[in-house]
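Scrolling down, you'll hit the structures one after another.
Note that chain A is present in both complexes that follow, paired respectively with chain B and with chain C.
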Partner chain A sequence: MNIGYLCTYTPKELIDAAGFTPVRIFAGDDQISLATAYIQSYACSQARGSFERALKGELDVQAVVFTRCCDTLMRLADIWERNTDMKVYNLEFPSRIDEESKDYYFRELQDFVNILKEWGGDVTVDSLRESLKLYWELEEKLKKLFEVKPDYEAAKKVQEMNVRDAIEFVDRRLRKVEKSGVGPKVLITGSVCPFLEVYKLFEEAGLLLKDDICTGTRFFTYNTPLKEIESVEDGLRFLVEKYFNKAPCPTKHFPNDDRFNYILELAKDCDGVVFLLLKFCEPHFYDYPQLKEKLEEMGKKVLLLELEFPIASYEQLRTRIEAFYEVIA
Partner chain B sequence: MTLKKLKATDRMKQIMGGYYMMGKQTEVNGWITSGAPVELLYAMDIYPVYPENHGALIGAAKQGPYFSDFAEKRGFSRDLCSYARCDIGCVFAGTSPVGGLPKPDFLFACNNICNTVIKWYQVLSRIFKVPLFILDTPFVRKELKESYIQYVHDQLYEFVDFLEKTTGRELSDSKLKETLIKSIEGVNSYSDVLHMAKNKPSPLTCFDAFLNMAPIVCLRGTDYPIEFYAEMKKELVERVKRGEGAVENEEVRLLWDNIPVWYRLRWFAEFFADRNACLVADTYTNAWTGFISMDKSDIFWSMAETYTFIYLNIGLEHMAEAINRLINYYDVDGVVIHSNRSCKPYSFGQYELQKMIDVPSVVIEADMVDSRVFSEAQVETRLEAFLEMLK
Partner chain C sequence: MIVAGIDVGSLTAKCVLLKDGELVAYKVIKVSPNLEETADKVFGEALEEAGINKGNIERIVATGYGRNKVSFADRTVTEISCHAKGALFFIPTARTVIDIGGQDSKVISIENGKVAEFVMNDKCAAGTGRFLEVMASALHLKIEDLGDVAERANRATKISSTCTVFAESEVISHLASGERVEDIVAGIHEAIASRIAAMARRVKVEPDVVLTGGVAKNKAMKKALERELGMEVKIPAEPQIVGAVGAALFAMS
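Right after this comes the complex of A and B.
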């Protein structure tokens, strides 16, 4: 069985350990039409576009896990459950990330293990140990690949595969990859962007990329070294640490403005920062003005590109990216 | 047609005028979200400031676009919540229709109404450089799990520590009990007022409820709502005795869903009254009517339960159940659903709710404060057709 998910805070390791394949759901290339009867047009096009694909029968997933992140996905869970044949579960990831919410998240993971069992998948200490190791391996390899040259196609593809195939896939890419050339470097920051042409536009404009994108490095940046586990409970405790320390997302509240500090740190060696934001994405748009101000104080040039999926005009984006190149080059 | 005015509304204006005046003189204040457990603040004599109520007030004063513009000029997107935009805009403007809100000593956001408040209050905490406490309430899509209540319960204790540290004051158990009892009495007194709409014809409309809801939101836990709503009820009882409806010739009874369109309150009220339709109730003001339990042995547990299972923090099945209960109780013929661009958790799922509720409904597109997105002709056409169909 394939289990779909939308948010990178979803513990894919548990899904894999239960014998299922976690598959990330992205918006598609077609104009959104069917979904408009189920959710308003002021929902972001990642939510509407993903649901459109479900309604069209394009998704090979039998269940979907909605991990708590934004208000839109919180509501989409019910809409999805009522209008597809898929099983739906909502995993309530805490919105505040600190010591006080760890026990609670641990209990949520325990409940999720029970749900996976209801769905016919057993998480054992051996299966969990293996899945933790495999994901760690995948993440390390993706990191290595991106250090040589960011590969957004690889990052997207591995999110739709079984982790074993994903590792092999990244291995093949690692054998072929060549270091990027020289040029000004930009940090792109935002939620999801599964439209690979967007990254190409930056490269074609002569820009080197670094990213803080949910379908890019936020998918594999965890900062918790692999640990040997003795029990399933051990594994769950490890997952709490792993997901609490992952590259921070603006849907969460961190005690010391960790998210802002993370972006400012990433931006240090970049010549400019591009906010690649999805229209109607509240968590990112609330951060934008104050983050922009801080980046400008650091002397960084900033550009805001507002996207809607599917992307209507690549040429318009190209013009703006080329103009930005002129500003920072 | 002239609308019938309740005398209570004048009294409400006095009370709220006093509330805003008080804010300018208090020693310690915290900015708080509308669904947060304010009882803890009142029990420690901390003045609660309600940016959402402030947003509503700006909307009703038809100044939404004006104040929102101050935030938009600083880069805050027009697609963000209009309460947040106006509130942040007022901070930048340095004023508001009530002369601005007092600078906070701390911020307290509870995400049982939306996750927007987390982001909004983060913005405020960076502007004012004051501590922010987030009370994180898990979303109850299906079952209210014990682990959810435990999590919220523990955070309430942590919040008390936070308050004691931030303000240097101490919470006394007896004062908290006293405040909670007042809160429950206030909620009951308020519920009694809303329940008067069960009468036929109904002595009040949801517009009366909207206009007079500020005391239960902002002053819950004090004596004001208890007395104010008791007084308001008397006035309504008199109307019932006289057989007088809020709307002349009440023919159709309706329910309103979502936050009101503040800048068009009067327009809507007249529109429906002119067509002999009475909006007898709404899902918004009714959100403040329930304390699900009051177990005196563990009041923190009771509070955790109550504040987690709040109308906007529950799944569609629970919401449909609540709406159907209102439909049944108030004998409603149809539902007017406000699809509110500013409020995603309130609006997404409305198309599903239409299929789940027991009476016909209509969806109108608008925004609670930002009048720039309101299309009178479109709304009028939809409502006309709906009323025609119901009659």
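Right after this comes the complex of A and C.
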């Protein structure tokens, strides 16, 4: 069974350990039409576009796990449950990332293990040990690949594969990859962007990329080293640490401003920062004015690109990206 | 040294020839679906006007949405950089450039003679020349007369629809309720000015503010923008060719 998910706060390791394949759901290339009957047009096109694919029968997934990160995803879960044949489960990932919420998330993971069991998948200490190790391996390899040259096609593809195939896929890419050339470097930051043409526009304009994108670097940036586990409970505790320390996202609240600090640190060696924001994405847009101000104080040029999926006109994006190149070069 | 700047926009293509930094000739033509042909044609006509041979042109820079279709250009520069450079050519004290083009509008802030920041609207026709065209046709007026009609208004009718298509219906319903055409036209100018100003406030609006693009020829538009921004708006001698002049200036360096 394939289990779909939309958010990088989904513990894929547990799904894999239960013998299922976690498959990331992206918006598709077709205009959104069927989903319009279920979701209002001022919800983001990632939510509407993903659901469109579900309604069209394009998704080979039998269940979907939601993490309830933003208002839209919360309601999308309800809409999905009522209007598809897929199983739907809501995993409550805490909004507040601090010591007190760790126990809460641990109990959520325990509940999720029971749900996976109901769905016919058994998480054992051995299977969990293996899945933890495999995902750690995949993440390390993707990091290595992106260090040589960001490969958004690979990042996207592996999110739709079983982790074992994904590791082999990245291995093949690692054997072929050549270092990127020279040029001004930009940090692109935003939620998801599965449209690979967008990254190509940056490259074609002569810009080197670094990213804070949920379908890019945020998919594989965890900051907890692999640990040997003795029990499933051990494994769940490890997952709590791993997901609490992952590359932060604006849907979460961090007592120490981790999200802003993370972006400002990433921007240090970049000549400019491009906000690649999905129209109606509240968590990202509310952060934008303050982040922009802080980045400009650092002397960084900032560009805001508003996206809507599927992307209708790449030439208009190209003009903005080339103009930004001219500004920072 | 003679150089050419070619700006292939959405509605018109412009070609400018500069000789040692001085404007010697320019041409503005309508864009056809074949952008390459359009670029060729506008270039040819400008050369003819100036009585200069193709072979004497040292370098050509293309800009505008169709810039990548100008196969004979030596390089391309985006219309953002070209409008900034062109505006500085006409008005060296320019700090903010507002360009209202055929189907997009942009605001560019300039610092130390360079583009510091820019915003563009190209998702919707509101706040573009196209908006004026649609309204002119709904009111059976010529686009070039709109400014004069607006000057004769007693007051400006409120146009609240953001969407061009809905604004057109709104204009028709104002006509039906007996509003004067002059007042409606004044309202249309205010609606565009308010949309442009909203976008402009996303970058720093500092004087001198320069308005470019074909719409800048409309005096009522300049006044509406001045009221909305609370500062004087300057118009270059030839507002429609600012981007092409910028391109030609890039060709010099």
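Heads up, the rule we're going with is that the second predicted complex is superposed on the first by the 329 of 329 C-alpha atoms of A that agree within 3 Å, B and C clash if a C-alpha of one lies under 4 Å from a C-alpha of the other, contacts with A are read in each partner's own complex, and residues count from 1 in each chain.
Note that a contact is a pair of C-beta atoms (placed from the backbone, for glycine too) under 8 Å apart; a residue touches a chain by one contact, two chains touch by 3 or more.
Keep in mind that this is a model prediction, so the values were computed, not measured.
*Asks:* Identify whether chain B and chain C fit side by side or clash on chain A in the overlaid structures.
*Replies:* Fit.
*Asks:* Of the two partners chain B and chain C, indicate the one touching more residues belonging to chain A.
*Replies:* B
*Asks:* Output check: A:Pro289 vs chain B and chain C. Expected answer is one of first, second, both, neither. What do you get?
*Replies:* Once the two structures are laid over each other on A, A:Pro289 reaches chain B alone.
*Asks:* Using the touch definition from the top, say if A:Asp211 reaches chain B (first), chain C (second), both or neither.
*Replies:* neither
*Asks:* With chain A's C-alpha centre as vertex, what's the angle to chain B and chain C, nearest 10 degrees?
*Replies:* Computed from the C-alpha centres, it is 80 degrees.
*Asks:* Going by the contact rule set out at the top, does A:Asp151 touch chain B (first), chain C (second), both, or neither?
*Replies:* neither
*Asks:* Does chain B (first) or chain C (second) touch A:Asp271, or do both, or does neither?
*Replies:* In the superposed model, A:Asp271 contacts neither chain B nor chain C.
*Asks:* Does the superposition put A:Glu160 against chain B (first), chain C (second), both, or neither?
*Replies:* Neither partner.
*Asks:* Thinking of the overlay built on chain A, is A:Glu52 touched by chain B (first), by chain C (second), by both, or by neither?
*Replies:* neither
*Asks:* For A:Asp16 in the superposed arrangement: first (chain B), second (chain C), both or neither?
*Replies:* The answer is neither, since A:Asp16 touches no partner chain.
*Asks:* Chain B and chain C, closest CA-CA distance after overlay, in Å?
*Replies:* Comparing every C-alpha of chain B with every C-alpha of chain C, the smallest gap is 5 Å.
*Asks:* Which chain A residues contact chain B in one complex and chain C in the other?
*Replies:* In chain A, nothing is touched by chain B and also by chain C.
*Asks:* Residue numbers of chain C touching chain A in their complex, please.
*Replies:* Per the stated touch rule, the residues are 65, 76-81, 104, 114-120, 122.
*Asks:* Spell out the residues on chain A that touch chain B in their complex, using ranges where they run on.
*Replies:* 37-40, 42-43, 68, 70-72, 74-79, 82, 90, 92, 94-96, 100-101, 103-104, 107-108, 111, 250-251, 253, 257, 279-280, 282-283, 285-290, 292
*Asks:* Could you list, by residue number, the parts of chain B that touch chain A in their complex?
*Replies:* Residues 74-77, 79-81, 84, 111, 114-116, 118-120, 122-123, 126, 134, 136, 138-139, 141, 145, 147-148, 150-151, 154-155, 158, 315-317, 339, 341, 344-345, 347-352.
*Asks:* Help me check something: in the complex, which residues belonging to chain A touch chain C?
*Replies:* Chain A residues touching chain C: 301-302, 304, 313, 315-316, 319-320, 322-323, 326-327.
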